[in-house]
Amino acid sequence: MNTFTKKVMSVGEMASGAKLTVPVYSFVSENASGPNVYIQANMHGAEVQGNAVIFQLLELLQHCRLNANITLVPYANPVACNHKNGEYTLGRFDPITGVNWNRMYHFDESVIEPFSQNYIDATEEDINNDFRALMLNEIEQKLDHNIFGLTTGQRIAYQLQRLAYQADIVLDLHTGPISSKHLYCPEYAQASANYFDIPHTLLIPNDFDGAMDEATFCPWWSLQQAFEKQGRKFTMGQGLFNKESFTVELGSQEQIDLDVAKDDAVSILAYLHYKGVISNDEYQPQAMTRYACYLNDYKALYSPMGGMVDYLAEFGEVLAAGEPLARILRMDNYGDGEALHYVSLDKPVIPILHFASASVNQGTELYKVFYNYFELPES
Amino acid sequence: MNTFTKKVMSVGEMASGAKLTVPVYSFVSENASGPNVYIQANMHGAEVQGNAVIFQLLELLQHCRLNANITLVPYANPVACNHKNGEYTLGRFDPITGVNWNRMYHFDESVIEPFSQNYIDATEEDINNDFRALMLNEIEQKLDHNIFGLTTGQRIAYQLQRLAYQADIVLDLHTGPISSKHLYCPEYAQASANYFDIPHTLLIPNDFDGAMDEATFCPWWSLQQAFEKQGRKFTMGQGLFNKESFTVELGSQEQIDLDVAKDDAVSILAYLHYKGVISNDEYQPQAMTRYACYLNDYKALYSPMGGMVDYLAEFGEVLAAGEPLARILRMDNYGDGEALHYVSLDKPVIPILHFASASVNQGTELYKVFYNYFELPES
Amino acid sequence: MNTFTKKVMSVGEMASGAKLTVPVYSFVSENASGPNVYIQANMHGAEVQGNAVIFQLLELLQHCRLNANITLVPYANPVACNHKNGEYTLGRFDPITGVNWNRMYHFDESVIEPFSQNYIDATEEDINNDFRALMLNEIEQKLDHNIFGLTTGQRIAYQLQRLAYQADIVLDLHTGPISSKHLYCPEYAQASANYFDIPHTLLIPNDFDGAMDEATFCPWWSLQQAFEKQGRKFTMGQGLFNKESFTVELGSQEQIDLDVAKDDAVSILAYLHYKGVISNDEYQPQAMTRYACYLNDYKALYSPMGGMVDYLAEFGEVLAAGEPLARILRMDNYGDGEALHYVSLDKPVIPILHFASASVNQGTELYKVFYNYFELPES
Amino acid sequence: MNTFTKKVMSVGEMASGAKLTVPVYSFVSENASGPNVYIQANMHGAEVQGNAVIFQLLELLQHCRLNANITLVPYANPVACNHKNGEYTLGRFDPITGVNWNRMYHFDESVIEPFSQNYIDATEEDINNDFRALMLNEIEQKLDHNIFGLTTGQRIAYQLQRLAYQADIVLDLHTGPISSKHLYCPEYAQASANYFDIPHTLLIPNDFDGAMDEATFCPWWSLQQAFEKQGRKFTMGQGLFNKESFTVELGSQEQIDLDVAKDDAVSILAYLHYKGVISNDEYQPQAMTRYACYLNDYKALYSPMGGMVDYLAEFGEVLAAGEPLARILRMDNYGDGEALHYVSLDKPVIPILHFASASVNQGTELYKVFYNYFELPES
């Protein structure tokens, strides 16, 4: 049975001086032949189910054959996860500034080109070690050398990023508002999406927009591109560049279900088995039709009116063109107007998630849908 | 086909001067032999399903044989129903003062005794008309003669109460957070609870605590008591005192479901048929086991710790003593403490509702349960 | 120089398991001849200035001659004081339930009568010790013996009350929204109000409504009344019944000013010197006109309309009848209505506090004023 | 006396169907020789003082000699200005999405280059008219031709932008949290900053980041640059390119002061007189030292710890290097740590604004300061 260590990382202080901490669990493999793994959950306050998945992963990993180090971080953002707003948890952004907690990671592309020039002839091992050291140093600089200080979210994000930079594979566990399971997957890692028990995959471009997944794969992808420009070819997802990051959307926010969490932990272990992190043949992906969609075609539909919404469309099933996604009740119009308004789209779509409340303003995001979807090719 | 009229009542103004209004729908019966009815919905901001029930009632009532006047008021509290708080709707209390929107109605018991003395020998018709006029005048005084003004909630409550005072039967449509259907029923009206398709009934004492149901039945109940003290006997629920008020809890907040709303509308029509408000034999209550519980035995269970809750107990089924209602995840304890904590009670209970979010502070209300329940006797 | 001890009391847990604690500072006097003192601050989240006053009291008390024990508790409610809501702190009530944090203390009047009968002939020392023990036991029962648990606020309140019950004099440091300094003083303790450097005193009846000041003086006052009914006479504020509690309103919320806090600390020391808690003649009350008003005459004025308010009336000065307290801007009426609306009252009043924001709904509390004020008689 | 017209523009709907509207006031000059003007206020919910300034402008402009058309829009964003959050107004961002209301305007730079090529030889009048028409058409397309709808904020922003595009000069009236008066001024319009009675000017680069000021001057500035590349030279701020936009920060949020508003209205009239919009020599800028700072040097200082802040630095005065901006109270450290922590910077700075509350988390923005300031050269 594998043992893990537990450390506690301090990430924030509140007005009373109360310190907010994050537990960090680490398995260290004696036979570290596979890619190292970093898994975190609950960067967004209301998206708590990932903590239950980490609970189940800790239970299961103690009985696996480990080929690499694995670090797991539940409650990654205790500032957000403790921020109750009435009965609910205020979640996706810093309530003081409005900045999305998952858009505060750091990556400065300008360091890539010089590094690639200096290491054009270096060994893969040197590239791996020194590039990682460079990235880590970037973060240390941000954390420690700033007379103006850091925002609340930067302080948290940079500390998590420092942990994540020590891994090759990064899984950031999130949820939607009311949502099906879906996976954010970099385009180059599309083949890996077949190993998660998740029927919907969003293929994201290899650009940095501040999120954890991007912050961890973009440096490597940029480096691979820079080497290629200078004539040294590597393939993303293989060898030195066997680096993959995913945002795993586990379903709906504001919910803990430990039984479903076990299924999701098993799904993650199937992926880790595929990548050689563990050697336990019992963890295999389920057979299912997996749909994919490019990020550009992942469309939000905004409410054409204020009102109260009866969400009709089922998640994960194709909804025919013209069929209603929702009907909006407008009692103020009853008797002298249209009390029910149906919302539909002009093409078949796969609904992925919808807004968390029936009450919407004009312009509230009602649904997100795969607008041009296709079956994910089996790898 | 019956026609209704629609009026618009102004109940509030916001900082920009925007006026908030409430639509008031009225059916006037030519054959007004039965008790008049007042139905409102959405006094609490997030409890929107009652609006859909009123939609379905308006659809169905146009095709009923009416024996009395019926007034229906959706969006009863637009200040609350428009108050978004992040993604959700802030619901049960005025967000500036913390006062529950459904504790602001008015009843001054001191007017009862003098009235009963003056009307000890009056005809039932005079009592009915003059007592109603007295109650209405009380409200008019509150609305119009106060140099210090009214709170936001009083202004709304008193205007609704003015409408409700013109009826004999009052239904206030609410929901719980995440909840089964249940009914708040005055103890004297217990027999009527058998005519709603609602399996759980809370029997409330005949006391005034500021809510709409109490504000409408307590004056009549107090009057009946006062007459009795002077030797003139009436029976609550019959003849002159055929006055009943219920708070109907339709299920969970933050949801609109027009199909379920139709079921609830049909359930309400079965009760109205029983009371002689409509003459449509097709509306009959369903056969079901109905459980009841006195308000004193309706217990809230508060979380013994902060954490993330996996709610386990099913609503509406008896949970054996010692069986877990919930398990609380505490990842910060994983590895060096108890990561899972089970919550149970010492007696069999019927869980009725639970908190709306998995994330709780120490002391957050987890569940409400029927702690000493019994089968509601058939009438 | 006096030394103090510091203990840390655990009062709550958040969703991540983070514990919230309260520091408790205690001076123990070797010469404990005077009444013991309990001072707390920041029970309401946004009312932070009391923490600065406790800072200054700790600085000054180390250099005083102490005749009694003094306990000081800043950050009394860390759940509330850490609850940021956008830029501001959500303050006066539990944001989940709406219940005012300062209405959750416990007092069960039914224990008084039996105690007074049992102790009708007891010595003053026995009465003092045993009544205190009874009160403490009541609180212990609430904290420890409840299968349904406690609300978040009860757990905090009862722990603070346990500390306060060990003292004879209780000061609960609060602030208004935007406010002058004022003092809530029980009617029987009116003479003591002259020893604070606070120009406005509210005389409150001797009734329990859930607040800390009431929770600490009402038991003693009720006991004194019960003894009197049985023919044993004591005077409140003297001897055995030298028990006084005040809510000290230090000015406006959301502000820390350490210099002003020093003035307020000195004002409190003048009162403590008067009561014999310290023997330092340098602490004397300032000469000033002190106005008083009965709680019944402390009137809130609610906005007659939604709009944006230019608060005109100065605090603490008499405003003549008919003079405007505020003018409300309604730009939506400019050009075709009244863009400015003036608000005034029919009598001279002393404005004490006003709402924290210019933007109000119809029915928002604009001002609180002394409506029938008088000069506080010098003692 | 000039007359104005008033129109009402519908900008949003809430859950109850309530419509939110914006009043639009227009003066049309018979002698339209000067640049047309657009002034709006209250795009951020809590920043209400601009409404009072528009009130005073409406009062004064009726008595001016107008040489151009002027449009004034108070309550520009009623969704935000009506969004109370407890006692305060939630202000700078959409509370559902976190997106800053003043970052949702539209500008697509890609239309500039083709236009400049087509109009390289056109008359100034044709350029002016057709470019304005092009910009307006861009906005119309956004408003009317989108099957996925618009966000709440886009719908508001685009409607305001449509009005602003008809003007040459745009003033967007804002406030800081607790703040001195300051002006956001495009670098090319620096000379104009001398005509406002505002002692602090931020010089912003000519880039588009989504704000109203940028959205209105950037198209013209980009066009001027595009012409210049092709050899046709114009000067920004003159002739055809006499287009200027400013964000005017009027002081602190959550406050209305009609007297101060009159001063600010007079200051704006001095600028409008300078630009030839009005011909009233009595409106002249005050003599004062005006400081300026480039946006890059406008620094936010983030709190190094959670705590309660006593803001010490005065606005608008140079604070010497090393002098404290603030002291942070940490009572939890009293007795066994540092209870007071002083915050200072390494250079002389001019403090411009600070956070709205004393209670801060670690990482909350404490102050914004001019870090490298200089005297604004007189024009």
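Read from first to last, the chains carry the letters A, B, C and D; within each, the first residue is number 1.
In this section, contacts are C-beta pairs under 8 Å (C-beta built on N, C-alpha and C of every residue); 3 or more make two chains touch, one makes a residue touch a chain.
The chain lineup, named per UniProt: A, B, C, D = M14 family metallopeptidase.
Not measured: the values here are computed from a predicted model.
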item: Both-way neighbours, i.e. chains that touch chain D (M14 family metallopeptidase) and touch chain A (M14 family metallopeptidase); value: B, C
item: Pair with more cross-chain C-beta pairs in contact, given A-B and B-D; value: A-B
item: Averaged-CA centre spacing for the pair chain C (M14 family metallopeptidase) and chain B (M14 family metallopeptidase), given as whole angstrom; value: 36
item: Distance from chain B (M14 family metallopeptidase) to chain A (M14 family metallopeptidase) - Cα centre to Cα centre, in angstrom; value: 43
item: Chain B (M14 family metallopeptidase)-chain D (M14 family metallopeptidase) separation of Cα centroids, rounded to whole Å; value: 48
item: Residues of chain D (M14 family metallopeptidase) engaged with two or more neighbouring chains; value: 14-18, 21, 48, 75, 81-82, 84-87, 89, 96, 308, 331-332, 359, 361
item: Chain-level touch network, classified as line, ring, star, complete or other; value: complete
item: Sites on chain A (M14 family metallopeptidase) touched by chain C (M14 family metallopeptidase) in the complex; value: 14-21, 48, 75, 78, 81-87, 89, 95-96
item: Contact set on chain A (M14 family metallopeptidase) toward chain D (M14 family metallopeptidase) in their complex; value: 12-18, 79, 92-94, 96-100, 147-155, 299-308, 330-333, 345-346, 359-365
item: Residues of chain C (M14 family metallopeptidase) that touch chain D (M14 family metallopeptidase) when the two form their complex; value: 4, 6, 21, 23, 25, 45-46, 48, 51-52, 54-55, 58, 74-75, 81-82, 84-91, 177, 254-258, 308-310, 327, 329, 331-332, 334-336, 339-340, 355-359, 361
